[in-house]
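Take a look at the following structure, please.
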Amino acid sequence: MEYIIIIISTVLVNNVVLVQFLGLCPFMGVSNNISTATGMGAATTFVLVLSALSAWLIEHLLLKPLGLEFLRTLSFILIIAAVVQFTELYLQKTSQALYKSLGIFLPLITTNCAVLGVALLTIREEFTFSESLIYGFGAAIGFSMVMVIFAGLRQRLELAEVPELFSGVPIGLITAGVLSMIFMGFTSLV
Amino acid sequence: MITAIFVLTLMGLILGYLLGLAAKYFHVEADPIIEEISELMPGTHCGQCGFAGCGQAAEAIASGETEVTCCPPGGKQLAETLADKLGITINLDDIANEPLYANINSSECTGCTRCYKVCPTDAIVGANKQIHAVINAACTGCGACKTACPENCIDMLPEPIVLETWHWPKPIAA
Amino acid sequence: MNIITISSPHAHDHSSVSRLMFHVCLALVPCTLYGLYSFGFPAINLFVITIVSGIFWEALCLKMLKKPLNFLNDYSALLTSWLLALTLPPWAPWWIGVGGSFIAIVVTKHIYGGVGQNVFNPAMVARVALLISFPVHMTTWPIAGNDPFAISFLDSLAITLGVSPIPDAYTGATALGAIKTGLSVGATANDLVSDHFVFTDALMGKMSGSLGETSALLIFVGGLWLLSMRVISWHIPVSMLLTMSALTLLFHLIDPTLYSMTSFHLLSGGIMLGAFFIATDPVTSPSSKGGQLFFGAGCGVIDFLIRTWGGFPEGIGFAVLFMNALTPLIDLYFRPRIYGRRIDGSPKQYDTVEPAQEGKQT
Amino acid sequence: MKFSPFRGGVHPDGYKELSAHQAIEKLPLPDRLYVPLRQHAGSEALAIVQPGDFVMKGQLIGRAAKGISAPVHAPTSGKVLKVQPFVAAHPSGMDSNTVIIECDGNDTPIATPTNIDPFSLDGKTLSDTIANAGIVGMGGASFPAAVKLSSASRQVVNTVIINGGECEPYLTADDRLMRERPEQIILGARLIRHIVNAENVCIAIEDNKKEAISALRQASSEYRNIQVIVVPTLYPMGSAKQMIQAVTGKEVPAGGRSSDIGVLMHNVATTYAIAQCLSQNEPLVSRIVTVSGGAIKHPKNIEALVGTPIKQLIDFCGGTLEEPSKLLLGGPMMGQLMPSDEVPLIKGAAGVLALNNNEISQPSASPCIRCGRCVSACPMGLVPLEMANHSRQQDFDGAIGFGLKDCILCGSCAFVCPSHIPLVHYFQYAKGEVAYQKATQQRMDHTRQLSESRRARQEKEAAEKAAAKAAAKAAKEAKAAAKRKKQNAASANQ
């Protein structure tokens, strides 16, 4: 039950993009079409879960016993960079098309604040190992869901005759704002 | 302090080693995109793009040295396909919509055979001292014959619209 | 020869967008008149202000975007601001109406490209934005059942202009709000419902709430008329109301002290108005029948979630908007099956023997 | 709501009462006939007559081209004036090659009816006869009937469906034909059954044609395997795919033919033409056409020769009441706007309509409000609004994704669109563009092949040249060496 609450909380109530405003860069950057957004979601899910997991391990097996908590951010970034690099290698091997369409945004997952943010949050919330795993997973699902929804909306907007002044990123930002407003409706759901 | 340096160095080394292994394991052979692109090219090696042949052009396109719109025989359609393949956006308005094909003005043709010698697709027929003609279906519109013609009697014209080739225009904006 | 080519068909069923919109407006008349009557002059002021400003914003946008002004004839601006007015607290000050119609018409409609291109329901975006920005003004409800015209026209102007606050004696909570507050302090749902909810009053509209959402019966009548005129299809309202009924019934049966009964949920708040007039907005709802059923069900579920566990007493606006956001995806995945093809798009096959597989088995 | 035999569909106003009570009348011979060489799907027929030639009724004047094509015959006797481009019965307003015949008024036929019983001949012979008679689908698509027959006879056909679902508003030509000449239709149906060796025949008629139903029931009463089936009146019932679904409950697989599910369908007018051809030895040179519409004084059903200018048909109906707003060939749902009233009647045209301003759709389109009526109305299960939207942005792959290739252009979507969006026009445009792209692709493949073979040839030539050169050189060297040897030997001897 607790896990379900964590999932609902991370997906809807504290959605990493629309409520915590983390990871907006890929959210705006690779949401041009649904398949790319799904790919980005999947890649980010992979990185998020893996980094939340290894962050917990590093924190509890290495940093805390040695009293090196001040190295937390530094070492997490190191881990995340490695995981992203690994993902990139893997994608390049398995799915050229996705690799190409994600382009620069794939290595940029490294600097995706959602990833570091989630890793740091799991430590701050003092989650257990399995809880932080679920938390990372929930955040990733929330991220992917919003990415796909937003990509759907943007695909539709591409066909709309948006006034030139607002077409492209501006209308995207307005839409993201409305989406964020909608997610306020889920406040205190859990 | 020493522990911190040690720990970070160790982490870096371990991760680096793992990544090195992964890189070896997931190694990808040369970029396959060049081959895919040269498959798409017209393959007539007409040279209008400024490269010696379609293969070289494909390499240049893949590496981004030249635009996907560089190929007149391929026209709008090729540019679109290539842009899709490379995941880039192009401005299609820059390309002439209608491809142009060679037409020999028979009153000025002297039958010098120069044009049909340069035609990459053998689209020009005729014999010495006889008026040449273009087989429209085989012409790529590369314009090599126009350059070669000493009488300047080859014009590049759009295909005339007849009932068979007519198709519906776009509805007036709604 | 330069003739203008016009393709078939050359016949038409003579329907038009403006007629559709006009019919929706007509269907709104009964519940609107009732709302205006039961909430008196301040409500009338707000209604007029919202609609006039909505049409003004529309005209302004059309002018600025250099579109022909005759688009005003399609009644869409009228309908949007009308629907917005119906979802506002009846005694809200003037700037709620003007600001709301600005958000609805300018931000949610014209910036997205005008009629037919918006992805969110304009009236609902405006309402939700107002609710989040001005929670106090948007949750001050006049008590229903007072003598409707106890407030004179002059006093009503003071209320509308915001110079004098609404006297406390006239305000109260909506049934949904009262029950949410009551539950949070430990009262049981059964008692709360019997205190705050009278079936016939809710049906007729003798309760507090937004301007046009009070009389479930009149809204229902308007909705039925729209259905019979084929302006809307039954899929969204039916699936939305059914989902709501099913969920509330289920939870009420599980624990009646925590979860109120179905009739209460169906007759209070904006669910009726939402089901018949807001969720059915063609622009922002899916175009296929299957998609519409899913859309309606989704609205029902989310509204139920927010009403039951969320921070707001009523979540219909959020629910509709959330499903609006999902609509492009729904349209993508809920497509009709193409003739001669399977649902996955591959050609249909009849009575085909697959010799290759038989060969494998031997 | 009535049970509908296929998805979607619309109920346009029929206007059939305008001409349904008018018996078929024969148009007097016109002075001149303009017989287009392209009256069918596929390639244009090739003219085999010269200006000045005298032709007889039924004489071949254009032979079928290679591939899918159909021959064209002289509709009456007379002198060929010209063979030249003339305005075609086509919405583009372009010209197509046309044989212009000055009628001599005698209507001398080239052949006389034969006495051979067609049922004694085999299917192949009969279908060749039909091919040579230039019979094409007369319901609108104008697909050569013999091609359909011969491809169907290669498969197993259980059911032959005769399509009497004249679902287009105004048109009553098929209705009148069924009422007045049911015996010939039954004969045609039996012949088709004989050709493809089918078990039974279904004649499917919409329930708004009561007289036609009873006439055909009566005419077919002695044949047990001929059945008259009544189907509901719903547009587009006359479309082959929809009719097959209504009759058999099966759908023609996408990209396949009706014979894939054991069905062969022909329109009643085509069936009639087949009967006329096989029993009377008459090629297809005339058809029954409804001339109707609000602007026509006395709407009529006319049996007219192919090639008759439609102006003469209209004049025969007493002319027009007012300047028609639109002049159509075919019905109002799928018929096309004609560039002038000089266009000739063609084999596939079941109607000539002169519509007044109240009857036509107004072209003022407003933005799509995504109401989904087109989705509900589409008999093919497509998403017209998205198809049009993507076509407008020239995203044809997107339009194909929503079903552009399955679209039958029936017009149901545009008929119900409250925004008056020219949906079908968008689809015509997109289909044209897609076809054009495909043609361009084919052209490129073709030229690539040519270029490769040229290179191969040049390389071969170069190699041969080099080989010849090398051989010559070798020979020369060998000669030189021999000489040297000789010299050496000589010097050694010395």
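The letters A, B, C and D name the chains in turn, as written, and every chain counts its residues from 1.
Everything below uses one rule, namely that contacts are C-beta pairs under 8 Å (C-beta built on N, C-alpha and C of every residue); 3 or more make two chains touch, one makes a residue touch a chain.
What you are looking at is a predicted structure, and each value in this text was computed from that prediction instead of being measured.
Peer 1: Averaging each chain's C-alpha atoms to get its centre, pick out the one most distant from subunit D.
Peer 2: For subunit D, the chain whose C-alpha mean is farthest off is A.
Peer 1: Contact counts by the stated rule: is the higher one at C-D or B-C?
Peer 2: Between C-D and B-C, the larger count of C-beta pairs in contact belongs to C-D.
Peer 1: Measure off the straight-line distance from the CA centroid of subunit C to the CA centroid of subunit D, and report it in whole Å.
Peer 2: 50
Peer 1: I'd like the Å distance between the centres of subunit B and subunit C, where a centre is the mean of that chain's Cα atoms.
Peer 2: Comparing mean C-alpha positions, subunit C is 53 Å from subunit B.
Peer 1: Could you grab the centroid distance between subunit A and subunit C? Build each centroid from C-alpha atoms only and quote it in angstrom.
Peer 2: Comparing mean C-alpha positions, subunit C is 32 Å from subunit A.
Peer 1: List the centre-to-centre spacing of subunit A and subunit D in whole Å, with centres computed as mean CA coordinates.
Peer 2: Taking the average C-alpha coordinate of subunit A and of subunit D, the gap between them is 56 Å.
Peer 1: Quick check: what residues of subunit D touch more than one other chain, meaning two or more?
Peer 2: 92, 94, 366-367, 392, 419, 422, 425, 428
Peer 1: Could you list the positions in subunit C whose residues touch two or more of the other chains?
Peer 2: In subunit C, the residues touching two or more other chains are 5, 7, 114, 117.
Peer 1: Note the residues in subunit B that touch 2 or more other chains, in rising order.
Peer 2: 168-169, 171
Peer 1: Among line, ring, star, complete and other, which best matches the way these chains touch?
Peer 2: Shape of the chain contacts: complete, all pairs touching.
Peer 1: Help me check something: in the complex, which residues belonging to subunit C touch subunit A?
Peer 2: Its residues touching subunit A are 65, 107-108, 110-114, 117, 119-120, 125, 128-129, 132, 302, 305-306, 309-312, 315, 317-319, 321-322, 325-329, 332.
Peer 1: In their shared complex, at which residues does subunit D touch subunit B?
Peer 2: 38, 44, 88, 90, 92, 94-96, 365-367, 392, 419, 421-422, 425-426, 428-429, 431-433, 435-437, 440-441, 443-444, 446-448, 450-455
Peer 1: Mind pulling up the subunit A residues that touch subunit D in the complex?
Peer 2: Checking each residue of subunit A against subunit D gives 158-159.
Peer 1: Considering the complex alone, what residue numbers of subunit C touch subunit D?
Peer 2: On the subunit C side, the touching residues are 1, 3, 5-13, 15-17, 19-20, 71, 74, 114-117, 233, 282-289, 292, 331, 335-341, 347-350.
Peer 1: Sort out for me which residues of subunit C touch subunit B in the complex.
Peer 2: 4-5, 7
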